[in-house]
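What follows is a group of structures, each given as structure tokens.
Two complexes come next, and they have one chain in common, subunit A, joined by subunit B in the first and subunit C in the second.
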Partner chain A sequence: MIEFLIYLLTMIGIWGILSLSLHIQYGMTGLINLGHVVFFMLGAYVSTILVMLVGAPFIVGLAGGMIVAALVAVVMALPTANLREDYWAICTLAFAEMVRLFFLNQPLKGDYMGASFGVSGIPQPLSALFSDYGYNLFYMVLVLVCLLAAFGFVLWLARQPFGRALKAIREGDEVPLTLGKAVGSYRIRAMALAGLLGGAAGSLFAHYNAFISPNYFLPLETFLVWAMIILGGAGNPLGALAGTVIIQLLYNSTRFMKAFVPLDASMLGSLRMVFIGVLIVVVILYLPQGLFPEKKRSYARTRAKASAD
Partner chain B sequence: MDETRLVPFVAFRNFLVRNFSVFQYLEGTKEVLLQVLIDSLIYSSELALLAIGVTMVYGALRFPNFAHVEFATLGAYLAFVLSAGLGAPLYVALLIAAVMVGVVGVGIDLAVFRKLRQTSPILLMIASFGIGIALREAIRAIWGTSPVFYPLPLQRPLQLWGDMSATPVQIAIILLAAVCVYGFHLLLNRTKLGIAMRSLADNPNLAEASGINTERIIRSVWLIGAGMAGLGGVMIGLDTQVHPNMGFAIIIPVFCAAILGGIGNPYGAMLGALVVAFAQNVGLAIDWAPLASILGWSGEGGLYIPTGYKAAIPFGLLILCLLLRPQGLMGDPNR
Partner chain C sequence: MQGHEQKLLRIKAIRKQFGGVNALNGVSMDVEPGTVTGLIGPNGSGKSTLFNVITGFVRPDQGEAVFDGEPLNGLTPDRIAHKGLFRSFQMSLQPKRMTVMENMLLCPMRQDGESLLGALLRPGKVRRQERANREKAFEILETVNLADKGDTLVGSLSGGQKKLLSLAQALMIGPKLILLDEPVAGVNPRLIEDIARVLLKLKEQGQNFLVVEHNMKFVRQVCDVLHVLDVGDVIASGPTLETLNREEVLEAYLAKN
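Now for the complex of A and B:
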């Protein structure tokens, strides 16, 4: 039981970083990235390649994964930064599938590494120093420290002029354009920051799971991150984390449901996704702000006005 | 046909082939290209039936419905149950399935999208993504992951012209799609409903002000759009196989067709489907070596796009289109 709890907390940590990355894009800037999983995928693959084929230490793999994911985020955003939101969404969805297609077709080394076989035996950093049980505990702490750092970064970002400009862009292009803000450039930079976080999550996942394959990075994963953000409350980083915890609990609950519900595992797996899909629609219909709505900053004048009313 | 009447044409062709290397090249790949023609027509039939629905819903409600491709999967499975399970003849099963999917489309609109008419397209998009996942996984839970096939007799390919061949089912798919598209064209231009649909896509406020019952028109849009997608799904199932991912697998070509033609414009979606299907099949069939040698690369032994990257072709087209002509091939640049 305690081992499962450690696993769950590690997964919550990794997906928490991923949903903070989407928080920067959607919650702060209003970008609909339906190909968000591409950062996760690039972080995982680049880190794996650096560590296994180049022989770099884990920390270089992590940094490399983050940087490549950020660069790809810029490439993804450059031609499309000024597109309307619906076109942008379709483009990102297609882009992520394209990158997945590349990893699905491209062998990394020899005939059985990479491509559809995936990569197995990814080394775990510092694993020689710990027992199996101790290692999982160590990795959980590592992931949670990364999550905390990411959370601190997002909070700090929101207080910067840059973060405020992003939130202004979210509410519509007209005002920031009038104030002389280069809207397209802000969007590209927001994507790059989100790429950094997403890449970190991917690298942490690859070295924890020790196996990756293109099947881990289907559009379904993007949807799960979206579910976390929408459920928790867009625009509020704490909401993003709360959403991550709830969706991860739901996602992993099938493990326990097996004991009570007489259905086979693949059917339960599908039913939980039906449940999450319906849950998102219900949240959008009846709770569009999410469980933890964003706190609007109140200014002295608006506060006085509100108390006068 | 009388052979002697063809003589001048043959002479002209020989002249072209002798004197222009482009035609020499085409002459060499003629057999392949003729087969590509048939394959592309089949693929564009399937794409068009889905893309028309995407573009119509976009025209009426101004959001890309990511759940639309799941209507195809649903239609394919319903037709499978009706034909293989209940023993209905395939053409009856296909029509009933299309109507049922249309009703499901209207039901989803009434249950979800109707309540979100005034919200931003962002929430509509995400809601449609959620509905799509729920539909796809529900289908997977009910019918399982392994593919199923329609009860069809063994298909013997018909020789059409030279080495070009197609099975009767494939010809039926092309004809059925042609009938649907023509019927839809008549509906848009000759009926009150079609004219109301076009005016709604053009200017919703003006349409409402002229006394059009917009909610009723939107219901018809869902009925027809989802129904056609269901029909398209049956076609894909007839052509290949029925499996839970068959709809989502073609979401990118479908949206590419809709955007390429100018989203909101049904005729554009038809043209877009043709362009996407031909680009994909021709791109794979062509030996790119002559082009590569012009650019200085040696293309010894032929240079082909690997089939694994087939899906990259519509995506490339999509990006090109969005960069060069974001309003689409047939879109109005002022909108």
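Now for the complex of A and C:
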């Protein structure tokens, strides 16, 4: 049971970083990225390639995965200047699939590495120092520290004038443009930051799971991350985390439901997507702002303080 | 002649077609410094298109706008804003999920915290700027009677309050020229008086305005000079009262109404 909890918390940590990445794009900037999984995929593959084929240490793999994902995010942001947002959303979906199909068809080394075989035996950083059990605990702590850093970063970002401009862009280009904000540049930078976080999550996942395959990066994954932030509350990073916890719990609940529900495992596996779907419908109907609605920052206090001086 | 009589905004033979329809038919007009200039005309006469061309949201087919001696052609809206030209936006566009104060703090140009590196490397400077901007914003909100609305979401303001916010945002920037798009449409009469008063006071302090408005009482009250647009042409220009009484102006309005 403890082992399972460690596994669950690790997964929550990794997907938490991923949903914070989507929070930057959608919650803060209003960008509807339906190919969000591409950052996760690039983080995983680039980190794996750097560590296994180039022989770089894990930290370099992580950094490389983050940077490549960020660069691709910048490329994805470029057409926002010319495409309406719904068309852009469709393009992102297609783009992520293109990258996945590339990895599905591209052998990395020899006959059985890469392409549809995936990559197995991805080294785990510092694994020599720990026992199996201790290692999982260590990795969980590593992931949760990364999650905490990402969360702190997102909170900090929202308080900067940069984050404020993103928030204005979320509701349309006209006003920020009129106020002299170079909207295109803001969107590019926001996407790059989201790419960094998404890439980090992918790298952490690859080295935890020790195996990756193109099948892990289907559009379904993007959908799950969307479910997380819509459930939790778009616009509130705490909501992104709460949504991650709920979806991960549901997603991993089937192994316990076997005991109570007289259905075979494959049926249960499909049923959990139905659960998640129903949950989203209910939340949209009754809690349109999610479990944790966006909080507004109060300035009245600062005023009171200033006049008291 | 130049230098002495430099126009603040000079619009030269601007032409714009939308799918074969002439929205602007070679419009020329000037805005003199130290004035409130009015731009009136029936619906569909091209006022909005002209505003959009001046602020860079629409590219003219021909002609150019020169602001403070610099041609604006080909500049993007954010660049034009940096030149000191501010346009009040339609209230439906104001970010509703941001508070009044957040909207105010959005205004100052070139904030250090708008760059990620700036925010990261110079947090002290960013904080000082924020504090100064906040103080300024509170003062301005005071003058437009929105002082107690700082933490209210713009989405829950009344129409009149949104117009006041727009004006407050213009003051926050302190541009050379403020383009006001229907500043009193749909505003109750008492608030109209307030807005007119604020406008005239700012004019005394040297603020320049170009105002599009349908409310003739308001136009008579605040505008020194008028340009009248009809079906893409300037049909009359001159001092407000004189221009309003011209035959062709009356005709344009009566025929459309």
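Convention: the second predicted complex is superposed on the first by the 294 of 309 C-alpha atoms of A that agree within 3 Å, B and C clash if a C-alpha of one lies under 4 Å from a C-alpha of the other, contacts with A are read in each partner's own complex, and residues count from 1 in each chain.
Throughout what follows, a residue touches a chain if its C-beta (ideal position, glycine included) is under 8 Å from a C-beta of that chain, and two chains touch if they have at least 3 such contacts.
Quick caveat, the model's predicted, so the values are computed rather than measured.
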Just subunit B (first), just subunit C (second), both, or neither: which does A:E85 touch? first
Which partner chains sit in contact with A:K167 here, subunit B, subunit C, both or neither? Use first/second/both/neither. second
Tell me which of subunit B and subunit C touches more residues of subunit A. B
Kindly classify A:M98 by the partners it touches after superposition: subunit B alone (first), subunit C alone (second), both, or neither? first
For A:G277, decide between first (touching subunit B), second (touching subunit C), both and neither. first
Looking at subunit A, which of its residues have contacts with both subunit B and subunit C? none
Residue numbers on subunit A that touch subunit C, as the complex places them: 160-162, 164-165, 167-168, 170-172, 174-183, 189, 193, 235, 294, 296-300, 302-303, 306
Subunit A touches which residues of subunit C in the complex? 55, 57, 76-79, 81-82, 86-87, 89, 93-99, 101-103, 105-107, 109, 111-116, 119, 126, 129-131, 134-135, 138, 150-151, 153, 169, 173
Report the residues of subunit B in contact with subunit A in the complex, numbered from low to high. 58, 63-64, 66, 112, 115-116, 119, 121-123, 125-127, 129-135, 137-138, 140-141, 144-145, 248, 251-252, 255-256, 259, 306, 308-309, 311-312, 314-315, 318-319, 322-323, 326
Given the complex with subunit B, which residues does subunit A contribute to the contact? 30, 32, 34, 79-80, 83, 85-87, 89-91, 93-95, 97-98, 101, 104-105, 219-220, 223, 226-227, 230, 266-267, 270-271, 273-274, 276-278, 280-281, 284-285, 288
